[in-house]
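The first chain written gets the first letter, and so on, giving A, B, C and D; residue counts start at 1 in each chain.
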Amino acid sequence: MKQPNSTRKPGSHLIRGRFAAPTSTDMQTFSSSLAVDLRMLDEDIDGSIAHATMLGQVGIVTAEEAQTLCAGLETVRQEIHDGTWAPTDAHEDVHMAVEERLTEVVGEVGKKIHTARSRNDQVATDVRLWLKRRLIELDVALTELVSVLLDRIESDGRTLMPGYTHLQRGQPILLGHHLLAHLWALERDRDRLVEALARVEKSPLGACAMAGTPHPIDRSISAELLGFRGLVENAMDAVAARDHEQEVVAACAICMTHLSRIAEELVLWSSVEFNFVRLGDDYATGSSIMPQKRNPDAAELVRGKSARVYGDLMTLLSLVKALPMAYNRDLQEDREPLFDAVDTTMASINITAGMWRTLTISRDRFEADLVGDFSLATELADLLAERGVPFREAHEVVASIVRWCEEQGSGLEALTPSVAREFHPSFPEDLGPWLDPRTAAERRTSRGGTAWLEIQRQVAILEGNVGRGFDL
Amino acid sequence: MKQPNSTRKPGSHLIRGRFAAPTSTDMQTFSSSLAVDLRMLDEDIDGSIAHATMLGQVGIVTAEEAQTLCAGLETVRQEIHDGTWAPTDAHEDVHMAVEERLTEVVGEVGKKIHTARSRNDQVATDVRLWLKRRLIELDVALTELVSVLLDRIESDGRTLMPGYTHLQRGQPILLGHHLLAHLWALERDRDRLVEALARVEKSPLGACAMAGTPHPIDRSISAELLGFRGLVENAMDAVAARDHEQEVVAACAICMTHLSRIAEELVLWSSVEFNFVRLGDDYATGSSIMPQKRNPDAAELVRGKSARVYGDLMTLLSLVKALPMAYNRDLQEDREPLFDAVDTTMASINITAGMWRTLTISRDRFEADLVGDFSLATELADLLAERGVPFREAHEVVASIVRWCEEQGSGLEALTPSVAREFHPSFPEDLGPWLDPRTAAERRTSRGGTAWLEIQRQVAILEGNVGRGFDL
Amino acid sequence: MKQPNSTRKPGSHLIRGRFAAPTSTDMQTFSSSLAVDLRMLDEDIDGSIAHATMLGQVGIVTAEEAQTLCAGLETVRQEIHDGTWAPTDAHEDVHMAVEERLTEVVGEVGKKIHTARSRNDQVATDVRLWLKRRLIELDVALTELVSVLLDRIESDGRTLMPGYTHLQRGQPILLGHHLLAHLWALERDRDRLVEALARVEKSPLGACAMAGTPHPIDRSISAELLGFRGLVENAMDAVAARDHEQEVVAACAICMTHLSRIAEELVLWSSVEFNFVRLGDDYATGSSIMPQKRNPDAAELVRGKSARVYGDLMTLLSLVKALPMAYNRDLQEDREPLFDAVDTTMASINITAGMWRTLTISRDRFEADLVGDFSLATELADLLAERGVPFREAHEVVASIVRWCEEQGSGLEALTPSVAREFHPSFPEDLGPWLDPRTAAERRTSRGGTAWLEIQRQVAILEGNVGRGFDL
Amino acid sequence: MKQPNSTRKPGSHLIRGRFAAPTSTDMQTFSSSLAVDLRMLDEDIDGSIAHATMLGQVGIVTAEEAQTLCAGLETVRQEIHDGTWAPTDAHEDVHMAVEERLTEVVGEVGKKIHTARSRNDQVATDVRLWLKRRLIELDVALTELVSVLLDRIESDGRTLMPGYTHLQRGQPILLGHHLLAHLWALERDRDRLVEALARVEKSPLGACAMAGTPHPIDRSISAELLGFRGLVENAMDAVAARDHEQEVVAACAICMTHLSRIAEELVLWSSVEFNFVRLGDDYATGSSIMPQKRNPDAAELVRGKSARVYGDLMTLLSLVKALPMAYNRDLQEDREPLFDAVDTTMASINITAGMWRTLTISRDRFEADLVGDFSLATELADLLAERGVPFREAHEVVASIVRWCEEQGSGLEALTPSVAREFHPSFPEDLGPWLDPRTAAERRTSRGGTAWLEIQRQVAILEGNVGRGFDL
């Protein structure tokens, strides 16, 4: 018998049998995904155990061999966790490392673990298992953030503040109304992640390189063992698809956009000029040169980190663009942006929850400030409209009033009823209730309006949602 | 009564009552969204009719006024469609233009249409109505593409070809297997768009600027008239949210990635070197200087246009980043990337369907070529594995065989059984069935494998899906 | 002689001689770049005239033919400008349209214009000519913006304001110091565009499809006629390169980032809370529902439009990714993002200049506000450091002082010398000069510091730069 | 004297004097940039040494103190390099860590190092020093890649191959012509990086937090010590600018686009179908399941990694969007994408050089294949044009010939002169020289054409460029 491998050096790559020269170090570094893949060690071993169990059940390996393989895999897992054995850069990736170590631990039978699978479906399985776990954690984190904001509505929700558009004061609102805008957005983020999970939870295991296998495997056995909810049907799709990853990162990018908006408001509100919130000490930082500074660093970082998730998404999209079927090595580059996007989003959710849990609202910041404020002008327009003045006409009348006040250097408090009626005869005797900001806010009882009753109605719905478990 | 507007010039903006100077032309061009918004003319008029109807039903305007408004709006719609009246650049946007024209048509009552709404919720409504219609059209287009590919499997699905990984021949497969990989991806694209629709189909109408209204409106009336499936609950969220648009564009970007992969393959396969498909005349173009060229322009354009949808997504994400609540004028910039992404995706789906409907497959291109091809090497490894050789060992043996063949300058057809058994004694007497590519493909009967029976099973599932209507 | 083209219909594409079926309308729309290319009509005719002139000079056509071609091209240009003839959708692009019309105008000799060129180098030439002109216009616009800001420093530069970091007040500065930060950034934007121009100004004309030509052309003649500064040397590079476009769009994206920062500040400063600037009427807009609003729309739009230039850049990069040599049809998609980026940047520069030309600064907004403000804390630390206290120690001392003041509910004005010396004995008798914000600002005379003298020094440099013409 | 810091625990942050509670671990992880900043340790110490030296020269510290500080900084550097001391997560960043350790090493005088600087200008200096060094390394790497490709032209440049457009064979060319297209693009990449360097090499040191300092520093001393070529003039610009980083990453992204095009070609040419190159063993990889595979992994990875640099750029642009002056904590997020982009580009350049250094060209792959190939059709059109047939007419005649050949199932070799003259009487008696691909290539002697002489001319220019040193 020929001995083509007699010169094979220990430690050389399992799959390089055909090549004469070893891979150079530069290329090893360039192509190695070990550091990244180590994140999926547990998933890799879980996948291998499920695969080995399936091989045993269908008779491709004996029951005893299957047991040996599973026990060996648990040993390797333990070794790595304990630090008694570790993959090195000489291993191309964590998958090869585990398999090589398994064979050292259990002997020749270790070489059977790779029957009826390939690295392509193995890696695809690992990533999906990893994602599945993280998506559930993201949902838990988002749920906690929702709870924190609901708590805040309970404690501070009736605080009066200006509602801004264009960063101009628009109409007086309650803080609870403002927070609900963020809450509903976060609810949609949760929905998107749950829906993405449905596409993630499909098992690619057993697809092999791309064509399936002649071995009599039963993919549903390993899928069930791993907690998948179904199979990726087509073997080529199983190894070449990355749209579930792109979808998750897109959902993360959208969620980060929401968090960046919350963060921006905290930065604004922490300024001397707005002076509406004071961040908890854990989330603010001093300056090395300006001792009085109380910088909203946590909020700035959340805002800034949204940008990196956008970058991750752009990477994942342009990475897959125009790749022909099936697997191409480019696809290995998916994991860094995927992991980074999920990690960044998770941390940003937690930090946002922490900020809102610990900040202090200046409840009376705007209470007096808004009396006579032009943000009540819409009230006057609505008042005229209620009295039958066409809205556009009412709008113009009030614009004139505002201009007149500005010329006086005063706010709307200067508007006595008699002056008002010079602008339009439909103004009533008593303008008082229309110029009180809190009353103005409470009058907006339309569905979705800023009235406290309406806020409570929405809070009740969201509390119901938060109570719902993640439907597993 | 004061006459603050006595100098107001005809044609000046309805909402500039407070300002002394007219907007300069430069700024008018810069801030105008008229050209873009004209796309939503019908949606704007639909929304206004629903709003007017609701105002009449709850008694904010009389039944007669409501009827006048609705009839007037239909007149304006007709005028614009007929070209007898058109918005000009002097109108800030299509919404103001329609309202101004309405008042010209129906008189003073026209000024009541804007009661209990603002441009913010009005525009948000228009965009959602537009998106709702387009998402349904996208689903129809995708369904047609799926049907075209299923037809193609029926006609050419048993064509033998190399399955590629790394653009290297891997294993022999059937074309139907390859096409199924794309089909399942397109199915997921459909799912994502349907799920996005659920978040699009919520009515923001009646949210007003951001705080709701004291007028006794009933938002569910207008929502139902417009075919929405629910309300955006919070008024601020209703006008400030853009995540449903980002989600749609992300789904489009992912779909375009799939189309770019299909396109890349058509470019490759149209080359002299692959020579596997010939595009229909409608989808190929000649050269101005090289008369023999038959360029796969349609495929190249689909591939290239994926990039613009990525750009649209990047715009929409970074546009909204760090915007505080609620509406900011930046958000007006959402429509161009949104429309462009949806239009581009729609056209690309249709062109892809057209290409696959009309191309010709060279059915015998690979039939002889694959006999003895190294893409059968895996067969030999699987053969050994079936006979009890541990897979890793089998893999190494076959690698040696391949290296030996290459040194001979031959393919695997040179591998006589006796030579084979020099490499490993477990090889059987007759290697014939293992070295025939079609037999090799048909042996891969595992779920998701390339065997024709398995292809048919998947086709049956997809045919069921295509039959499903868009669940409205 | 065979008559293969006897059935050729008028208006059919010049280059489709080889195909049986006409292109379908769908594909025509999908592949047409006519609407976009019309922007380059003048450049296209300029390029053709230069090419025809060169053909005449080297004798490929006669001098008379060259003259006929040039005159005919001017006729076509005039016809299109006058609207007496226009390309239709039946023409694939503007280049084919012009050539076809030319032949109608001058007869058979028109068919000679395309000798020794191809559409590839023709289009590449047009885009470079277009870009060359726009880059010069961008420089003019930026120069004007720089001038406007320098004027503003002259008129308002000594206005006292807080310098912000983290949107927290850091140290008192002069407005001129703040504006200089933007000015230097804009200067770098100008430099980048000038440097990009050097790579744009190379003629690709005469490269033909990608391989050059056997005709005895002289590319330097047409290059010189068109005002290019050199040739793209390699013919394949000439038609396949898009890096000069990516570079320009990247420079635009960076410039837009600068403009977005300026815009953000204008939005902030226009708020009631900051109340530091009042935009000119041309650049602010009212609200349809809140009559008192004075929205900084122009600034918001500049801020928002930065996002579309980012998207354009992302499109242009991922468009060209992994395209093999040489021309691929994908590259036709370069023009829309390129034109959009340049147009958007141009308009945003002009609008920013307009805003700064017309806004009003509240010069005394911060004058009193900053007395005793914690933004003077650094002064105290520097004071201690000057007196030999190690800076870190000084920093800690002052942090304690700030904390003490906050506990008192006061600012630094509460810090009498005797209290100060309880914190550290090195504090002097008279803290007055150290607690006056204007004095504090003027003390920072280090190079690049906020002292007025230093501002004037920098202004003088920039005025010199603005005086420099665009070096053509 | 009050003792506000008496309870300060060892190891707590230097700058948190004002806060009661320590930063929580979560927030510490979230905000820490230690892992990233460690890359700039040497630059940080270099910067501090230059700063201390300057402080000594202008008399802010004594000469002895300056010496102590410099010696202490070198000790810390050595400790870190030796691993005898290391920053921990308790340090917010590497800058604080070094300063804290410095004070442990040299005592109280260590607290003087931070006089007249802040972390803002310190970090800005570090990044610029880091970038300066890496830009020079990038230039060296690119120069090496250019050299490798020039070597390849020398050894294989006359290899005949089809020039492709649309991945269709266009015209016969020489490999040298093809490689020159890439070479000129790489030359422009070098130019862009050199020009970016000019903006990087400006010292921000001494700008302090944003306003300059009252201490009598001389910024040009430290700038010169650090090898900068000038100063960032304005202190606010010095700490808030990131456009030089965006510019570098944009230049990297453009360079990666070029490398991705080279990589795509290597993937194509390594396929069985093209079979034009064979990658060196170091740059190809086997398959875990398909032993015959020789996957062009290195090329695929370069192609894929271009996507991550696009993502980095997108991050850096949207990160800075709309940030008001001056420093905001978001800006800390600049380093990861910056470092990643530079590292990835550097490695990809090196790997590309390695691939081209070690691959084998199949010199005779196309030699026979191109005889009679339709890619010679342009020759026939040019032949007719030379004989006075208007080019468009010539083009149509040859298109008919190609169609006729296709109907015959033959290539152009079937075109006897007599048949040719049936298509057009201007064809000569002997078509031989026009149907020989090598002759066809060599006839294209126009500037930039594919003739070998013209290739040599361009090579000579590039060899001169490579010889040029990086102008320091």
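Observations on the model:
One rule holds for everything that comes next: a residue touches a chain if its C-beta (ideal position, glycine included) is under 8 Å from a C-beta of that chain, and two chains touch if they have at least 3 such contacts.
If you're wondering where the values come from, they're calculated on a predicted model, not measured in any experiment.
Counted by C-beta pairs in contact, the busier of A-B and A-C is A-B. Its interface matching that of A-D in over half of the contact pairs by residue number, B-C stands out among B-D, C-D or B-C. Centre-to-centre separation of subunit A and subunit C, using mean CA positions: 33 Å.
Spacing of subunit A relative to subunit B, judged by their CA centroids, is 23 angstrom. Residue positions 14-15, 17-18, 114, 120, 164-167, 170-171, 208-209, 268, 286-292, 294-297, 300, 303, 306-307, 310, 313-314, 317-318, 321-322, 328-329, 378, 395-396, 399, 402 of subunit C are each in touch with at least two other chains. Across the complex, subunit D is touched by residues 13-21, 23-24, 26-27, 29-31, 96, 114, 118-120, 208-209, 280-292, 294-298, 300-301, 303-308, 310-319, 321, 328-333, 336-337, 347-348, 350-351, 354 of subunit A. Within the complex, the subunit A residues that touch subunit C are 162, 164-171, 267-268, 270-274, 286-297, 300, 314, 317-318, 321-322, 373-375, 377-378, 381, 395-396, 398-399, 401-402.
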